[in-house]
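Residue numbering begins at 1 within each chain, and the chains themselves are lettered A, B and C in the order written.
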């Protein structure tokens, strides 16, 4: 019973906050409305007894949204919404795509023959879920994780304005790098 | 571990009592340095009597919301922290829960800095995010190392795993890094650049009255939550001779808190720009080596 | 029972000290009273309930005093102290007014600040509690909601185009040289341009009245306060106040040794505000060793451009003595 109440409260909150993302005119408010939506979603994950995943969603989303807020504010002309502005662009196209995706997903939810089982819940659903998702594909997943990480590092290396030759000289022979601000160790 | 429904009612007052004791100790130290009579907690009265204020084009919702989020998160962070054998909720992922709640400070401090629409608080909010990027990974690896030693993310299991040897004995690096990261996450001295005197009090610069009180309380509660978590993770939880478990938890938490308050006063503010390389090039590798060592011990056992 | 009155009677005074050019001797006295009675010194007007203006009355200064006063939320009281000997009485009397229920209920600062273009943005207001005149000409003519003009944009040091703000630093900042205003152009907290203004006033003649040790202790204490080492700064100010009385205080050597030995302080100050082979750390060590080196104030903009706010504050605090030499 109480699970139903919590679920519907979180569902309404998640959708309401998600709508707010596009209704507010300040980047900070939009970002933290999105965070509220994610946290409400995380609670629904907790309701499935997936404690690790739910808490992890909260942990990751708080950090990500703060970092995102920093970037959004940095690049926006009018981050605080002091001027009237709209968060919505290409309204017709967006509406069509959103409606299409929603209908597709909703149809999927309704027509899928969800299995029903009388078996008791496993002690650790997160583990079961992980094994079901990955199982014997674990080496693939590990390699995939490494590849992702390597991609991130190389993207940063390619994008950075100042490489080690800018910092340590063309022959890399400077003892201390040329930095706008010292990082504390002179490395 | 014993979970009780009234534990949830008891948790906020216990945390507040620790915070009040810590703040009183701190003001006694301040008075001693100034050669003045100590009047602990009088400034609380002053803040209750002070009017709230607004700034031009402030985002009041985010400004006030940030301060409240800080208090709520600081209390919730201790929900999985046992006091002796009693705990509000011995979650199967208690360590991650603590981490997730304490990270809310990132959002809260940035929001308070942003919301007042004022240059110094704004700059200070960003300072805290930068500090977060420095301390968070070493902090996470310190937490993971303790969980690794117990083979469980449940705080109760971590305590049980220290029945013979406290984790501080064979994970000293993780413990030290944890002690460094607690004041960093509570932007407490010496990691108090986000509330620095050089920026007119930083994120606090525009706060007055009850708003200021709530925010400062949240900061102290966060420090207390961090200090309290050090006890089950590294200091054997409530184990000790003679006294009951809860008393040992109180004594150890008070000791860690007093150490943090006292030690923080002995250094100037550690600026984020100077701390960044130390965190990434020293603390992070050190915690990784510590985690590797612990994993090898766990595998060999 | 009247709760407000009960709380007010127990409210500890929290004093925001605003020093006029040449008012440092009075500031010493004010800081001494604040410290010895266990009151607090405010970091910002929002925190304060007593505004103490220290030093001789000068014509340009009133606008800054008014601006700080406007941003104090209340209960509040203000006092202007022109002689060091008056500090104790004037502050006690101001504290009594601050605790006077009738007076405080009558004094209701407007909860919402003015929102006209002429009053400028709060962005500037709070940063310095000071100058608003400086930013008008940088902005476009467009009026914005809340009376706050949009920020300009410019290249930043990493090659991005980011917002540019005009933030004046001083003169109403704690731990800041009296009568100094640095008009800065900032991106985030990086200073892109700086212009120094020295407010009118006799800023030199008081210096002869006290021994050099007093100046050096005060400068060192100020730098330590900006560096965030409150305890060492408080000790330095206690020693300064004893030196003002003419005595040579006994603890100076021990304190200087402790400051010199602090590795974290050395690590945090080294390389900040480098000029002519010295930096903030060497200047601090110079004061501790009894030297007064002079650097002209016109090098200040060069030292500040490209630094972050924290480093800029340390740089200015490490040049405290030199500001006099230039002015």
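Assume a residue touches a chain if its C-beta (ideal position, glycine included) is under 8 Å from a C-beta of that chain, and two chains touch if they have at least 3 such contacts.
Just so it is clear, the model here is predicted, and its values are computed rather than measured.
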- Please name the chain that ends up farthest from subunit B once chain centres are defined by their CA atoms averaged. C
- Query: Which chain wins if you rank chains by how close their C-alpha centre is to the centre of all protein C-alpha atoms?
  - Reply: B
- Between A-B and B-C, which chain pair is linked by more C-beta pairs in contact? B-C
- List the centre-to-centre spacing of subunit A and subunit C in whole Å, with centres computed as mean CA coordinates. 42
- Just give me the whole-number Å value for how far the CA centre of subunit A lies from that of subunit B. 25
- Whole-Å distance, C-alpha centre of subunit B to that of subunit C, is 30
- Item | Set of subunit A residues in contact with two or more other chains | 82, 181-182, 184
- Note on the structure: So subunit C residues touching two or more other chains come to 145-146, 148, 267, 308, 311
- Message: If I count partner chains per residue in subunit B, which residues reach a count of at least 2?
- Response: 57, 117, 126, 273-274
- Task: Within their complex, state which residues of subunit A touch subunit B.
- Result: 26, 28-29, 32, 35, 51-52, 55-56, 58-59, 62-63, 65-67, 69-70, 73, 80, 82, 124, 181-185, 187
- Note which residues of subunit B are touching subunit A in the complex, please. 57, 59, 61-62, 65, 91-93, 96-97, 99-100, 103-104, 106-107, 110-111, 114-115, 117, 126, 129, 132, 136, 153, 273-278, 281-282
- Message: Show me the residue ranges of subunit C that touch subunit B in the complex, using the header's touch definition.
- Response: 4, 7-8, 10-12, 14, 35-38, 40, 43-44, 46-47, 49, 71, 73-75, 109, 111-115, 119, 121-127, 145-148, 165, 167, 173-175, 186, 188-189, 224-232, 234-235, 238, 262, 264-265, 267-268, 308-311, 313-314
- Item | For the subunit C and subunit A complex, residues of the former touching the latter | 144-146, 148, 150, 153, 157-160, 162, 190, 267, 271, 306-308, 311
- The subunit A residues in contact with subunit C across the complex are 74, 77-78, 82-84, 161-162, 180-182, 184
